[in-house]
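Worksheet: one structure, shown below.
A, B, C and D label the chains in the order they appear, each numbered from 1.
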């Protein structure tokens, strides 16, 4: 599944192990592990079809309290509708995809782990850091993959590889841009956990992944510039966050709920010997020139488009985890760490001062 | 299946009609038409798995004289191994994908058409223009889609839309770059039909598609600079071709069998009011800067990587054709026209002069 | 002198008014105002030759306490060596370029203003905000242009024009990158005023220019990652600053004393309807591709290269000011405002908290 | 004058030898050679002011049959108006810039050479290859620099350096784009020499410079698509030319008299190990993004803007030639070779067949 495996004679990248068999380089049919999808909503619609197509997995059951949604997903993917109890009781089921509403994540994941299944869980584990910390012992030893999909994005992975290869020398600072194209509907705000826990949390995970050191101090400042209704609901829509590590590395995170120009997803890394940056993905490569200047296509509009590759790769990674061939790229502890940073951001914003991480926990 | 349908709430682009159902916007399960794959070789390995995943199609049979290849493809896609006769005799089979060796294309396509099936046929129909012309009457009225996949490439489609929208005014000239990353093995050369029929033919189809007028004159000049063995086998590996239409529009085609830097696939269009160009696709968006300068990722290496989207879209289009919901984007006549141009290129190169198309036919 | 005046028939952009005469579009020889250069050091070497070539100015005298430096500059530009008193006493002298050492700026500028000359003064006016505030009344009514050259940079000007034209709707936030290529020699640090007064001050002026609102709060955090000697001397070399305006607009400033890849000078502006960004200038447009990827030229290395156009345009603007045809783009009050922000940055860094501007003054 | 000399402490690139003196690295004032400008028209307005500013030259006389033009140029540059005889008789005059009308080039250059002066001559030497060949012996040993300014363009020079450094391995083919922004006025056509001698001639020189081998065969095809008046005057406005060298290297030249989008000046070089390309120069680096896509500045509009650097560098090179410190980058023989190729292009277009160079001479 690595890009590095591409060659003129191989179509491994596009069609996975099955096709390597066709090319005469494999030795037999891929074994598939049966998985359950919990939740056929927004993220379930991303992960369910991906699981159905991933060599190494078979989407066996769909669980959703809304019968129509469950039925439609099951029909579309060749799966069956089931209750969670039924699905977990099936001894052939080896994995569970937790894509339910956020307030169900922790409970669903716990049940699946306790049934001995490998678990993929959408982020966040829960909005309440206390609950997440309390449950941590029950996840000891579990095969638990947390849905920080950006670690699987080919562009950010390429950036990480460059940094690890020393392309810019010792890392000194990061700049992370995460701008959503359009503000969410106001009804989404009250249960979202707020900008930092809902949105910035991805950037906090990216920062931890790339900085190579834990942030020890956080300063966040934010405004409500996009939609006054968001402000009335107690949230913000525009923020800048500065993280600082023990050795003095700095990371800025730029967030807005509405860019007006697509899903701006960029990371710049600065080091002792240079700079490396992962840029936006354009919808097509066409450029036009006339006397007024040059025009080009918009950037990818929103998460399903921009991160489609990362979602596929993440489920492929989950297949490897479920087969026991890989350790989860992101686990329960990563969920805790990102959530703790998000809480520190909230507190910094509210108190108007930098927050030391140890004082926050 | 249109990019234009993407929105924050829709994942239509990524998951097709099935997912529109999940989103509650469709009304029932997609009907699938059974199809046969003839040939599990290089192009069959591209089209077979795509057909297996295309909503609206079911890959039912795999036909290949090599039992191992047929079996591996069938296993990987959930299809069955069959003979062509068996497959065509199945009344549930509505479509055939002709991916056999070039010398079998015409015969396979004829059998499928005469069995009343919708046919997708890899290019070229045949290397012999006379045979193709002779068989033309038997394809009258057939649902026949010829494999000029580049017409389905999102970048070239975006270019076409810009031209059709008048972005550059009246078209005056084109520049088409088609450089393969690495020369084919010499054993491929004798049965390839030569550079123009095997490789340039794609560009000749692009030129016809974009010029909006048939070329009336061709001049081609070529060298053997890449591999002297190609020259010993009577072929060339580096060529420049100039096409001219009746109204004086000009098109240059640049070809080499070995770029050394990936699959260079670009088109520039020049018009009365400006220029529009479709560029190469990079493997990732990372750029790095140090005191020596900037570096970026390579461009997509070869056809399975560069044109993966176009192959998927082409088979999705074939599903529409097989369901009777679309006319084929490229048909038998397009195959004839491109082949006639390729023959004119060959003759121009051999005779060292421009060739008028009417003198060639 | 405007780019907008370029046309196929005009070379106005490159050669100024004189050449418009040649083209038959002017009516006579340009009148030149005599000017004095004080200081033939680093910045004098930039501004002196520019003044010598600017239509509308004549570099008449060079004043420098180092006789060799004064002589060399005078020879190179056709000027004469003089003392400041001699030069200011010449009634033909209409303008003075203050390029002396920072601690002389204020005194030199005052003498020149009091002699009735138009004054161009390199930034900063002084490192001591108190002294600058105290002297302010003596600059009332003076023709005084402060050397914030970046306001004359064609790329930042183009950005400003886009913002003013409403290209991104109402401005919400800015990101300013200002990374020096290589750290200054340690001996430069003690008299530099520190990172914020010496270096960030340019960005603070850019922020004021572009934000359209004064910052009311500043948070700065900084590290010494580049050169420990800088730290031993009490300064920092890597900083991130967040500005906030009364209406909640946010601006991040990214600074480092050593980029390792050239003079990184970028500004991104985010608004209600989109984003506009001024990028780096590359040394040349060549790109190369091989199997390892793409390479391109480095960005402009340092200020004399990157900002050459801005320095020329600034002196051309000074000529307009000296001739009484333009108001200074940046005056004494701009120097005060930027210096006050720089002091607030220092204090924020030292006290580890955001600083309200009113509490700082 | 080399970019490579730029460093943080040096402003050599911008201000030449004089400033190196200021920096204490030189040893005395630059010696200047007096030069004469013949012709204060379109190209004289480019070269005259450049000569006036080039360290090592002094523009002493302006010669032009139109008194007003001569006077304006002299006033603007500090030179005197003179007749050619007067100017050549001045023993202090060491160089002559021939910028008269094309039909005067050869005669002016001959007089200057025979007066023992170093000569810079605008291209072409003459439109009549026979006359140029006949006069060749009289230029034996002359210090004669022909105005193929593109060899001095920093972007094309960077490309050349990359090729010479082996960045793409052995060169195999070139693609040269030379598109003028807007068609010339029809009255210019009859004396222009036609598209190939007037315009393509620059590309033919670039091809010779970069190919490393002389073209032996030319094929040109052209249309009149821009302005029918150009066709009525017997010329063409849109052309594609294919050059071929003895070893089989190929070069395509793309020309149009009206791009509609600026002065498109690009060169792509393809070799055994990759590709290198010099791209267009944009007016500024600003990019803007909104929901419709990305926009950027136009490319440089026309020759005075796009090639300003090359013109300055060319005159600086002429100063080196006049001082006896450099051999001319392009001489009389280069003028002959390019003109012979342009004639072959014309003949190819007229006769509708490739032309071997030996049959053309």
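Note that in this section a residue touches a chain if its C-beta (ideal position, glycine included) is under 8 Å from a C-beta of that chain, and two chains touch if they have at least 3 such contacts.
This structure is a prediction, so every number in the text was calculated from the model and none was measured.
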Equivalent of A-C within the choices C-D, B-D or A-B, defined by over half of its residue contact pairs recurring: B-D
Between B-D and B-C, the pair with more C-beta contacts: B-D
Centroid distance [mean C-alpha coordinates] between subunit B and subunit A, Å: 35
Chain centre separation in whole Å, for subunit C relative to subunit B (CA means): 55
Approximate Å spacing (C-alpha centroids) for the pair subunit B, subunit D: 43
Subunit D residues counted as touching two or more neighbouring chains: 168, 260-261, 273-275, 289-291, 297
Subunit D - residues contacting subunit A, complex: 260-262, 282, 289-299
Touching residues (chain side subunit C, partner subunit D) in the complex: 3, 6-8, 11, 13-15, 18-19, 21-24, 26, 29, 40, 45-46, 49, 53, 68-69, 72-73, 75-77, 154-155, 157-159, 162, 167-168, 181-182, 273-281, 283-291, 297, 301-302, 304-305, 308
Parts of subunit A lying in touch with subunit C, wherever the complex brings them together: 168-169, 172-173, 175, 179, 217, 219, 221, 223-226, 238-240, 242, 244, 248-250, 252, 254, 256, 258-261, 264, 270-275, 352-354
